[in-house]
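Each of the two complexes below includes chain A, the first together with chain B, the second together with chain C.
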Partner chain A sequence: MKYLPLVLRNLFRNKRRSGLTAFAVAISVFLVVVLRTALHHLETPPSEQSQFRLVAHHAASLQNPLPEGHVEKVRAVPGVLRATPMTWFGGYWKRFENFFANFEIDASTWWDVFPEQRLPEDQKRGFLADPQGCFVGRALSEEYGWKIGDRIVLTGTLYPLDPELNVQGIYEGPDSTWLLFHRKYAEESLGRPGRVGTIWFLVAGAADVGPVSERVDARFRNSDAETKTETEKSFQLSFVEMMGDVRAIVRWVVGFVALTMLLVAGNAMAMAARERLQEAAVLRALGFPPARVATLLLAEAMLVAGLGGAIGTALPVLLFWNFTPQPIWFPTFRVPTEIGLTGFGFALALGLLAGGLPSWGLVRRPIAQALRRA
Partner chain B sequence: MAIPLLYNVRHLRTRPAAAAMTAVGIALPTAALLFALALPAGLNRVLRSSGDESRLVILRKGAVAETGSAIDRETARLIETLPGIAKNAANRPLCSPEAAILVNVPRRDGKRTNLLVRGTGERGRELRPAVRLVEGRWFEPGLPELTVSRRIATRFENLGLGETIKFGRSDWRVVGIFEAAGTSSDSEAWADADLLMADFRRTLYTSVLVRAVSPEVQASIVRTLAEDERFSLRGVPEPEYFALQTREVGIPVEFVGMLVSILLAVGATVGAANTMYAAVAQRTREIAVLRAIGFRRRAVLASFLFETFLLALAGGAVGCAIAFAAFHGRATSTVNWISFSDVVFQFRITPDLLGYGMVFAVAIGLLGGALPARLAASRGIAASMRAI
Partner chain C sequence: MGSSPVVSLRRVTKTFHRDTLEVPVLRGIDLETSAGDFFALMGPSGSGKSTVLNLIAGIDRPTSGEVRVAGSDLASMSETDLAKFRARHVGFIFQMYNLIPVLTAEENVALPLLLTPLSRKERREHVETALGIVGLTDRAKHFPRQLSGGQEQRVAIARAIVTDPTLLLADEPTGDLDAVSATEILELLRRLNAEFGKTILLVTHDPRAAGYARTRRFLDKGVLGEMPASFAATAAAR
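Let's turn to the complex of A and B:
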């Protein structure tokens, strides 16, 4: 610790270089943290109880609806606790850019399966009483400035229907970016085609997940509409999978960032070491052990990298604490703790690597030779 | 008078490690930029080249993609009778009612995605001359057979020539391979429309593709479809149909890529600046000597800028080479969020992109070198001479 003033002095000797290097590290840590956060939120559904929540949909693809009779049949399958239909409506508000998640639901059973989406009782009553009622997530309502009592007209891209809806409530929940309205309204307006997109249901525990999904799928095997049942998490991941090599691409970019910054920081520290060559030799001539002399430079590198890392981590954490970049994919962009920590750890590792090699070079040379160098 | 360029070259040679690190520090963001641009360039090429002005895609009003559209048989027949639709050699109207159905199937890498299976017919092929059969034969009407694009055959499980895949209620046999010149058909498997619909218990087509005799007639068909109550449909010229997909799929990818590249570039600029500041500091006395023997400030400035320019040039070239070797021509795919179907494309590092890459690298070098070079040029001679 008593060497701290010396390290700090050295650090401030070339403020410009230290500052620039810290800045470069901050940018790279920022990039790494943001990219990894993006991947994390893509791959992790925000809901808490998703592991016991399953979804059955048409085996061919989501484009094909299931007949509504499937809902009762799913309910009758042993092991299914509660089930509710949910249909992706695919509407947008006013302009196509305002595309968000909107579903047709069956109000009498929906909360059995999605209890985490909390709607105040009086608003729930308002929604149940209004055939053209809808309720929206807090984040979505803030995005478009909707209030209770507003009238919203959606344009349907999948069905020949532009539903006119009254906002009856605003719900809070882990994913508050949806709009939900009565399935009955859509069905009646479309002339009762009797279709549902997906059927969501709960099972008692982890041991039931496999057998019950198999039983549900078996129930409809060789029927006109075979189903595929999966967990909520695997359902969400299937969309990420469809994006193709996205994950690989993001990892590539993270690698490029790390490598670039290693070069930038390594170069800066190598230059710092070169300038100190004589000084280090003097310190060693005075009797300081080589390890300590090397540690001084290493500490300097770690400080610069640590400062950059702290800024690069703190910035996205604070910036995205309450931020919805895109309602469907990124209802939240909060930086998970472990990604923040590894971001900072990445900066320290960078300092260690970038400072380690030059500091070793500093003490490797015989003292006399180092002293002679101008 | 200018300082000889050899001066800079010699200097770079005395510190090869630092010079190389700086150059590679410029090369990596350059490669990242090219990568980020090659991806949307390939994607947009597919979406743009697919649009042919002479073809009109007819969809349900409100639908933005074939996959979310529906047109009943009677209406499809009515469209065929519209005046002004071009005729083929057999004097039949070039009008193809089609069913675009998504099936979730595994790729050869094990990941599942939505393949677009197009139910079409002979006239659908006549309407798309870019699609050429290269192996096997076309599917027979009434048989569960597929003719698939070469790219799909190689990327998807069970879709190679002679293989059989199960979806809907049938086992479909791949009887032929086609190529579609990089258009969106290259991401599709084709089958007989009626059989495909029956297999999925569908009674509705998803869209109708027609060719009008002239652009004016096309415009009038669009009006009729929109205004005539028997239709109430949306006719979209193909380029416009794909423009929405480019905007919603390609441009966001491009945007994210650019953003990452710019942040990386800032980091690389800082790296270049660090190196050049050190170079200036090391040569304080040398610079003073140069000034003392009569070189102007401007010559010193130019000399240092030239040095970073050299570094950047080398870095840019290496970056371009890395990007080209690693990514060019590599096929990949992503989902088209408008149609929810998989679209196959190739990374394309075009000469334009290589040009951008070099400009980007040189900009990093010059920006990073500007302040150190100014510092070098602005020092007083006497003070610098005294410096150690």
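Let's turn to the complex of A and C:
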């Protein structure tokens, strides 16, 4: 600690350079944290419940529906606790820009599998009693200003149907960005095609996930509609992967950001080291061991990087604490603690690398030679 | 003047390498300084004076020969041990003062004390004493840029004496000063030697500065010899 005043004085010796370097580190950490947070929210299912929730869909493509008879057959598979059909309707409200998650559900079984989506009992009764009823998530209702009693007309994009729906309830839950309406209404309006998009079901625990998935898929093997069963997380990821290998893209971007920042910070520290060559030689002539002189410069680099890292981490944490950038993919954009810590660690590692080499160079030159050069 | 040798150089050579060229700077010199001496090493530019000082301070190594300071054989010491040796035994005074510009006078003086186990209070007391000796107590909070050249050199002397080292090494300490300031610095060095018994090794090309020393040797082309008559007369005339 007794060296801190010296380190701080040196740090503020060239305020503009230190400030700009810290700012550059802050931007890079901000980018890294935001990108990793985006990936995290894309990959992570929103609730605890979803750990043991599996989804079966057509093996060929999500575009292909499954026969509704599959639902009962899934329920009969050993290890399946409860199952419910759920079909992506793919409608929008008024304008195509108002595109959000809307599903046809079987109201009698849906809450067996999605208990975390809470709808008040009176609203649930209202929904069950109204064939054209729907209920919407809190976040979605706030985005579009919907309230109970409103009439919503969706425009279908996958099916020749524009359902006219009455808002009977507003649910709360980990993902409150959906609109859900009766599957029966869609089925009857479309002439009872008897299709379901996906079948969601629960298993008892983590050990059942693999075996039960295999049993379900085995049940429909060599049928007209083979299934592919996935965990909710993996299912969610498959949507992400439709955009390309997002994880690889994020990794590359993070890698390039890190490399660029390493060069920027390294250059700044190299300049500081060059300016400090004479003083380093003087300190060593006074009896400071080489490692301590190097550590003083390294500490400067770490402080600049740490400051940038703190700003770059704190900014997205505060900015996105209660932020919904996009209701379907990013109902929340809160920065997870581990990503925040990683961002800060990334900054410190940057400081270590950027400061390490110049610090070593500073004390590598013989003292007499450095003094003569000065 | 005491009798035990604080500095002892035996058959010391030093050769610098400039690309493929070998430049011999010291050609087998023998030199001895006793505790309490005020020793001036004179010589023209390029004669090897500063190299001798660097070897004694342990910031350079001889090509051959033995360098013993305060009982230690410097040639056999590691860089870390040499740093410890300098912190304990050597106070360095440079021609260009070499103060740290972002630190105040008292913070500059306190620098060598950071290497000691002294408490903050003890360090402050040592700094006050050192600044008192050089007469700069009232400039303690000033930064180097706020001081004159002479004052800067006095701060540098305070920094050199603050740990009470065995040996003070001064490399052309008046080389960048006007005549008045130079006299003040030389008087201060003389006082440190006379009143406080500090062993001082002064390197200078100025015979007038060398006149303040008790012992004077002349180095020319890497060889120690007698002082030329003109130099000796000037030194004696001080």
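In the analysis below, the second predicted complex is superposed on the first by the 373 of 374 C-alpha atoms of A that agree within 3 Å, B and C clash if a C-alpha of one lies under 4 Å from a C-alpha of the other, contacts with A are read in each partner's own complex, and residues count from 1 in each chain.
Convention: contacts are C-beta pairs under 8 Å (C-beta built on N, C-alpha and C of every residue); 3 or more make two chains touch, one makes a residue touch a chain.
Just so it is clear, the structure is predicted and the values come from calculations on it, not from any experiment.
**Q** Once chain A of both complexes is superposed, is A:A268 in touch with chain B (first), chain C (second), both, or neither?
**A** After superposition on chain A, A:A268 lies in contact with chain B alone.
**Q** Which partner chains sit in contact with A:S189 here, chain B, chain C, both or neither? Use first/second/both/neither.
**A** neither
**Q** State whether A:S234 touches chain B only (first), chain C only (second), both chains, or neither.
**A** Touch status of A:S234: no partner.
**Q** I'd like to know which partner A:V246 touches here: chain B for first, chain C for second, both or neither.
**A** The first partner, chain B, only.
**Q** When the two structures are overlaid on chain A, which partner does A:N64 contact: first (chain B), second (chain C), both, or neither?
**A** first
**Q** Figure out whether A:P366 sits in contact with chain B (first) or chain C (second), or with both, or with neither.
**A** In the superposition, A:P366 touches chain C alone.
**Q** Chain A residues touched by both chain B and chain C?
**A** Touching chain B in the first complex and chain C in the second, no residue of chain A appears in both lists.
**Q** Once bound in the complex, which stretches of chain A touch chain C?
**A** Checking each residue of chain A against chain C gives 2-3, 5-6, 9-10, 12-13, 278-279, 282-291, 366-368, 371, 374.
**Q** Touching chain B in the complex: which residues of chain A?
**A** So the residues of chain A in touch with chain B come to 16-17, 20-21, 23-24, 27-28, 30-31, 35, 59-64, 90, 96, 155-158, 160, 162, 224-225, 228, 238-239, 241-246, 249, 252-253, 256-257, 259-261, 263-264, 266-268, 270-271.
**Q** Please output the residues of chain B touching chain A within their complex, sorted ascending.
**A** 17-18, 21-22, 24-25, 28-29, 31-32, 35-36, 39, 60-65, 67-68, 70, 101-104, 111-114, 167-169, 200-201, 244, 248, 260, 263-264, 266-268, 270-271, 273-275, 277-278, 332-335, 340, 342
**Q** What residues of chain C sit close enough to touch chain A in their complex?
**A** 51, 54, 57, 59-60, 79-80, 83-88, 90, 92, 94, 96, 98, 100-103, 107, 111-112, 114-115, 120, 159
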